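Look for subunit A in each of the two complexes below; its partner is subunit B in the first and subunit C in the second.
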Partner chain A sequence: MTTPTLAASVWQIVRKDWTVEARSREIAYTTLFFAVSCLLVFAFAIVREGKAPEGAGEGILWATLTFAGTLALGRTFERERQAETLRALLLAPVPRAAVYLGKLVGIVSLLLTVELILAPLVSLLFAAPLLSRPIWLLAILLTGTLGFAAVGTLFAAMLVRARSRDVLLPVLLYPVVVPVLIAGVRGTSALTDPEFDAAIARFWLALLLAFDAVFLTLALWTFELVMAE
Partner chain B sequence: MTPLDFDAVTVNDVSRTFGRRRALHKVSFSSHRGEIVGVLGPNGAGKSTLLGVLSTLLRPTAGSVGFGGADGADAAALRSRIGVLGHDLFLYPELTARENLQFFARLYGVADVDARVASALDTAGLAARADDLTSAYSRGMRQRVALERALIHSPRLVLLDEPFTGLDAASASAFVERLRGLRHDGRIVILATHDLDLAEGLLDLAVFLRDGRMVHAATRPDRLRDTYQGVVG
Partner chain C sequence: MPKWFTPAALVCGAMFAVSPLIIANAPYESTMGLVQKVFYYHMPSAWMFLLGALVCGFASARYLATRNDRQDRTALAAAELTVLFGLLTLVTGPLWARRAWGTWWVWDPRVTSSLVGWLIACAYLILRKYGGPGSERLAAAVAIFGMANVPFIYISVNYWRTIHPATSVVPTLPVSMGAPLWFCVMTFLLLFIVLMTMRVRLEESKSRLDALHLALDE
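Let's look at the complex of A and B:
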């Protein structure tokens, strides 16, 4: 018997989460349904005669991702709580960081899948040319989602045994991820500007990367303490 | 034998508080290879807290737990030699029995996972239904898979929290036989239970808890129910 490496442990947890989700499709469907519903409400509220206010689509994309992401975070840990399988993960001889990173990769991959559907929909409903620079958009979405999920995974794990976790998660999460959301919205707006300036887009992307590095480091550092009973 | 293959577990004056509530107060006993220890007591006596401390998930507020010969090892290394069957079964209902066992075997770094899992499924008597989702199993079948999950990495210390819950008479008897087999294999088994009838004649040491305190301990106890009523009430 040999203790598995960090990467091998992370992969096992990610693969397990993907298999569970592929069987139930519970989190993917509820997150997607909620996100599309949000988009439609925004569309009915602000689109007049087929025209949306300039720059609205970018903000609505990130607001929708934030709401839907919060739902996904809560459900992911609720699933681990129901049969106390989170406890089984913590009893395994793997670093706590592997549990955190495994859950993080699972959530990021789920949110990116949802974003692949949301981005064209936002583009269509709000006449935002989001898909004109797909590589840039992918980079902004990936780094923004990673920053959001890095903090969200930590807080969702921390609140897993709290009775009012559904209320507490957004209350704790949103103030901390505001910088990520601002950078995400401004970075996405830079991509849709008719006079696209790569230097501005690069600035927001670099800022998102910096947030990711800070949030990931802090989360990895505190996860063991947070999970101590 | 590696340094982590400890041959005794010693609980030294262990206390544990949660805020102002005292869950355990100066509990002491020791157990050796090939022994089954029963931790007995009413609800809220501190049984699950004691198992939590032994599993390394909870740190004692005072006192210590000694893992003979492996005391210097870190918690993660110790966990590789500890198997836990909780009151909740720690199984993913969306996975099959085989997938559950494979997942945990890989997390514990078990060599030749497929062969080990096949052997565990045979032992549980579930080889024919290994590829059914565990959500489709009866409580007794899930309990058997959960026990094999706890033993998949051949742990030296086996911790069982209310393992007889929800089992019918035949499943409970088979479970007791499995525990006797673990004793024969030289494992240290510590089980918390309410079921005195099933524990009768099984235990090498009975530790009686009430309000977090150890009120009595008996070696190879007989007339367990009478003793329990006498010391716990």
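Let's look at the complex of A and C:
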């Protein structure tokens, strides 16, 4: 029997997660519904006389993504725990990095799908011209989501057997991902600025890429050691 | 306790007792006046805060790699000191900012990244306390991310347009202000070492006691 390559192992794990999700659609539906509910809460909290404060939409988009992402992260690993498949996944003859990367790709793809629905909704509800530069927006959302999920996947995986894991995930995750959220909000705000400056948007995108590189490196190294047993 | 501990603790206590007199005798800064003297405690506590996060991160990385409990005890002690000195930094900073910037709090890159670093240290302790068995390994992963934030705090003033004084201010201080500052830095460093030693020692005693309890049960 030949040993599968890292990419092949990652693909197998991603395909497994997608198949499970395609059959139940549990995480996608609950995450999306939760995200829309969050938008409504924000709308009731800050919209006055039919108008949202200027620049609020960008912040609300990222805050909603953070809350909905936390829910999705917790649920992804909770499903593995309930089905007792996490041990099987860790016992699989593949590198630990493949397990981490497979889960990461699964979560990023799920969150990006949610974002594709969320961004037009935020644009509509909070009068934020988010879709005026779609390629830039996609790049900012992709890099921001990757940074958030890189840390989130690691923390959700390691907390799966911890006590009070539901509470601990946001407690640990939010302080660490604050830099990504700041860069994400500022990058998105740069896109909606009437006097759009590509240099500013590039700066925030580069910063997000730098955070992604640091978080991915640290998470890959730590996942191997934390999930050793 | 090591032999040097008691003399070091006494010297540290004496230095803390003398430090208000030394700070009071330092000249007044021309624009900020009396409130500038907060700086003599603010900056040393900020340095100890960063030192704590670095020690905690390094010890955690070594603990994950070697599973040596001693490293874990060092990391825990350093995390507690990070929270303590971080709190001092975050309280003394606004006292100065109210006068210098006209507001208690500004979302400046250094202030924000310091708050993030402090929150990560708090999250580390919360996980240790409520995470249940095996949480020390999980907390070690959090500490590594906390350590990664330290260079960001340090360089943030040099790379962003910020109102926080830059790191380059310290070497430009006149001797009359620099000498009290370095005296306070040494005082805080000694306090850090004394508290760290005491805390690691306490954890060692606790783990010995746990081992004795287990041996008694068997």
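Simple rule for what comes next: the second predicted complex is superposed on the first by the 229 of 229 C-alpha atoms of A that agree within 3 Å, B and C clash if a C-alpha of one lies under 4 Å from a C-alpha of the other, contacts with A are read in each partner's own complex, and residues count from 1 in each chain.
Basically, contacts are C-beta pairs under 8 Å (C-beta built on N, C-alpha and C of every residue); 3 or more make two chains touch, one makes a residue touch a chain.
Being a predicted model, the structure only gives us computed values, none of them experimental.
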- Query: When the two structures are overlaid on chain A, which partner does A:A92 contact: first (subunit B), second (subunit C), both, or neither?
  - Reply: first
- Message: With both complexes overlaid on chain A, does A:P179 touch subunit B (first), subunit C (second), both or neither?
- Response: second
- Item | Touching partner for A:R163 - first (subunit B), second (subunit C), both, neither | second
- Message: Looking at A:S132 after the superposition, I want to know if it touches subunit B, subunit C, both of them or none. Which is it: first, second, both, neither?
- Response: neither
- Task: Using the touch definition from the top, say if A:R23 reaches subunit B (first), subunit C (second), both or neither.
- Result: first
- Query: Where does A:Q12 make contact in the superposed view: on subunit B (first), on subunit C (second), on both, or on neither?
  - Reply: first
- Task: Identify the partner contact of A:E84: answer first if only subunit B is touched, second if only subunit C is, both if each is, neither if none is.
- Result: first
- Based on the superposed arrangement, let me know which partner A:S37 touches: subunit B (first), subunit C (second), both, or neither? neither
- What part of subunit A is shared between its subunit B contacts and its subunit C contacts? none
- In their shared complex, at which residues does subunit A touch subunit C? 151, 154-155, 158-159, 161-164, 167-168, 171-172, 174-176, 178-179, 182, 214-215, 218, 222, 225-226
- Footprint of subunit B on subunit A - complex, ascending: 1-4, 8-9, 12-13, 16, 19-20, 23-24, 83-85, 87-95, 228-229
- Message: Considering only the defined contacts, which subunit B positions touch subunit A in the complex?
- Response: 52, 55, 57-59, 76-80, 82, 84, 86, 88-95, 99, 103-104, 106-111, 133, 149, 153-154
- Message: Using the touch definition from the top, list the residues of subunit C that touch subunit A in their complex.
- Response: 64-65, 112-113, 116, 119-120, 122-123, 126-127, 130-132, 134-135, 137-138, 140-142, 144-146, 148-149, 152
